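Both of the next two complexes hold chain A, though its partner changes from chain B to chain C.
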Partner chain A sequence: MMRSLHVDGDSFLHRLQPGVKLTALAIVSLCLFTIQTPAVLAIAAIIGLAGHCMLRISPRQIWLRLRPFALIVVVVALFTAILNSPGEGLTAFFRLAALALFASLVTATTTTGDFIDVITRAALPLERIGLVRAQDVGLSIGLVIRFVPEIVSRYEAIRDAHHARGLKLNPISVAVPLIITTLRSADEIASAIDARGIRRQK
Partner chain B sequence: MDIRFDKVEVRFEGRTVIHPLTVTLTERRIGIIGLNGSGKTTFARMINGLVKPSAGRVTVNGFDTVSAENDARQQSGFIFQNPQNQIILPILREDIALGLKSRKLPKANVAAAVNAVLDRFEIGHLADRRAHELSGGELQLAALASVLVTEPKILVMDEPTNQLDLRNRNLVERTIQTLPEDVIVISHDLDLITGFDRVLMFREGRIEADGAPGEVIGRYRALNGAEA
Partner chain C sequence: MSTRDLVLSALFAAIIVALGLVPPIMLGFIPVPITAQSLGVMLAGVVLGAKRGMISVLLVLVLAAIGLPVLSGGRGGLAVFMAPTTGYLIGWVFTALITGYLSQVMVGRDQSGLVQTVNFFIAALCGGVVVLYGFGIVYLALVTGMGFTQAFLGSMAFIPGDVIKALIAALAGRAVMVGYPLLPQRA
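On to the complex of A and B.
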């Protein structure tokens, strides 16, 4: 069942132009990679977390949104701490956490349609020099955003099916049906895109 | 409508899915029946150019689905079995508008067209809802709106009442009956197509029967061991 990363609302961030939000996210992301002080990065992460309060969703919903990349942040930080130093691990943790929190804020306050419009406009110069079709680039990004929560839903359904049959989860028995159902669905959606004339042939 | 299949054959990986057939569809309401795997969905998908014939040609209102793909596709809309896959963007209003993006219309025109199609199906109250919050019947109406916003003359529907409860099935059936567009419906729901102008029955990639609903449905029931 299709879900959305977007959260309804009328906050300052919801009203901000999508192009401004994406540009700001790009600039902030670059800045985060130039900062080496864990305390400053921690403050950035706290600001990102506080921003989620503007969404007026429960702490549990915030956690559910952040959970998919929380594991990645922790694993990367742990490896950095082990292979380099604990200080660098801490820096990596706060940097990635802040980055993920800001990105989550942008996806929560921007609809997929707005994403597609912004990315399509941004790709227009590339279309003029014959490199890409701007509409295709926008649609691709939109579809990636569309599929993220759907893949999570599919994983949950497969996990529940395992539990219902008393089976333990293992990477192969989860990955195979997940990949097959996702590809099948992607194929059908590609047909729907063609059938609806969303991506017209040249 | 004027859909012509001229000596059309479809083969997939060495297997013949549609055996050579020639047929012309001109009626306003056409039903397609047949067992699973009989070739009816492949046949219907050719109308929208989603499946290309391996041999022969398909024309829709005069446009060849291969050499004039865009023009042919503009003539017909396709409603898939699973409306979840038909709806591409999570919010209904945005999804309906998506179909008009390639036409590069001004925003105001897009908004007006979206509002008009929402009003037509009386689903304006669902405009800002997410697809996963809609009931089966609402989803099917949303899929209809997303296709009909581009104003195709012909609508092809693949099992539109599949997986719907009785109430939603009736809602979709009533909607189909009142559509001004020409309609081709693939269905296992024989009651849905009883009042149609013509019914085709597919069997093993061939049109086994073609005629008035009573006659074709009766034969289908007899062939498959059901009571007529």
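On to the complex of A and C.
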């Protein structure tokens, strides 16, 4: 149901440290915002696209990855071109395309586990000042992934109950039972977590 | 943070993700389908209050950032944070925070049902429309270099839909409060 956007492989980008990749992405993004020449931005976008070709996935799969962003990038570029000037539209198009391509590349070459490690490490300084517990990050992410399929099947049960009674689906009559039945299980889940001592108490 | 609060936040994050997976629901009186995910963000504030609501939205964004396709339409990955519409995602965090805070302050157990619903609606409207579009439009204008007026004009078409969602969030929030109250109340 929820397949990660990670692509297996052993390219240079796969082997790079996740922290290095994220820092590089941040620096590259900042640079892209300071560059105003469409030609340079176009070269950056082409490099990003070439990176996707190195992932050894079919062009169709590359398109499926980029499709969610393609529309918004084109719409914003057109909007800028019409309201401001065609030149600015072109700059916006290549800049936004390059940003999306580089970000998508980091996502494709980094596993979910690596990301969680990076976040947990980043949360350690916050733990020292008592804001969060670093280990809670991984626990919460695991809980969400574990319960999404269950909530979807609850939604399906509510939908079937509507059909059985000849009722049309309505956002309120779906959301309210979905929220109440789901959140009611919070106490049991919390007791189960505490009984296993997963969150060591201070 | 107690384990129960952590579990409630995680469960609500899972609800928001699940709402992005189910097909959009049609309302009877308007021909536009309601994408339930942004409704879920307002509901997080209305049902759980400021702190837990905000954490559940943050969790959804973390899941998206680490490459899971948890946003509606199967979107996910770092690219969603590098898009012209990223301001709306950042705005979600504050939607939940402000909606939750205002709900906690304005809605009381001893009020009549109508007053509770109206107060929830005002809270959802402030968080889910004023704050959300504030972040979305400023980000869009700054990142793309199009002016603020243009960014506002481009976003305006979506505002009526979010006003309707705020109303749905208010009605659902009040119904959840009657059935299973979780909103932290003013002493």
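Operating definition for what follows: the second predicted complex is superposed on the first by the 130 of 202 C-alpha atoms of A that agree within 3 Å, B and C clash if a C-alpha of one lies under 4 Å from a C-alpha of the other, contacts with A are read in each partner's own complex, and residues count from 1 in each chain.
Simple rule for what comes next: a residue touches a chain if its C-beta (ideal position, glycine included) is under 8 Å from a C-beta of that chain, and two chains touch if they have at least 3 such contacts.
Computed from a prediction, not measured in an experiment: that's the story for all the values here.
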item: Partner chain(s) touched by A:79 [first = chain B, second = chain C, both, neither]; value: second
item: Touching partner for A:180 - first (chain B), second (chain C), both, neither; value: second
item: Chain B versus chain C as contact partner of A:60, first or second or both or neither; value: neither
item: Partner chain(s) touched by A:135 [first = chain B, second = chain C, both, neither]; value: first
item: Which partner, chain B or chain C, touches more chain A residues; value: C
item: Touched partner set for A:92, first chain B, second chain C, both or neither; value: second
item: First, second, both or neither for A:148, with chain B first and chain C second; value: second
item: Chain B versus chain C as contact partner of A:103, first or second or both or neither; value: second
item: Touching partner for A:196 - first (chain B), second (chain C), both, neither; value: first
item: On chain A, positions contacted by chain B and by chain C; value: 1-4, 6, 111-112, 116, 143, 185, 189, 193-194, 199
item: Touching residues on chain A, where the partner in the complex is chain C; value: 1-6, 25, 29, 33, 65, 68-69, 72-73, 76, 79-80, 83-84, 88, 91-92, 96, 99-104, 106-108, 110-112, 115-116, 119, 132-133, 136-137, 139-141, 143-145, 147-148, 150-152, 155, 168-172, 174-176, 178-180, 182-187, 189-190, 193-194, 199
item: Touching residues on chain C, where the partner in the complex is chain A; value: 1-4, 6-15, 17-18, 21-22, 25-28, 34, 36, 39, 43, 47, 59-60, 62-63, 65-70, 73-85, 140, 143-147, 150, 154, 168, 171-172, 175-176, 179-180, 182
item: Of chain B, residues touching chain A in the complex; value: 45, 48-50, 69-70, 73-74, 77-78, 80, 82, 84-91, 94, 97-99, 101-102, 128, 130-132, 146-147, 150
item: Interface residues, chain A side, partner chain B - complex; value: 1-4, 6, 8, 111-113, 116, 135, 142-143, 146, 185, 188-189, 191-201
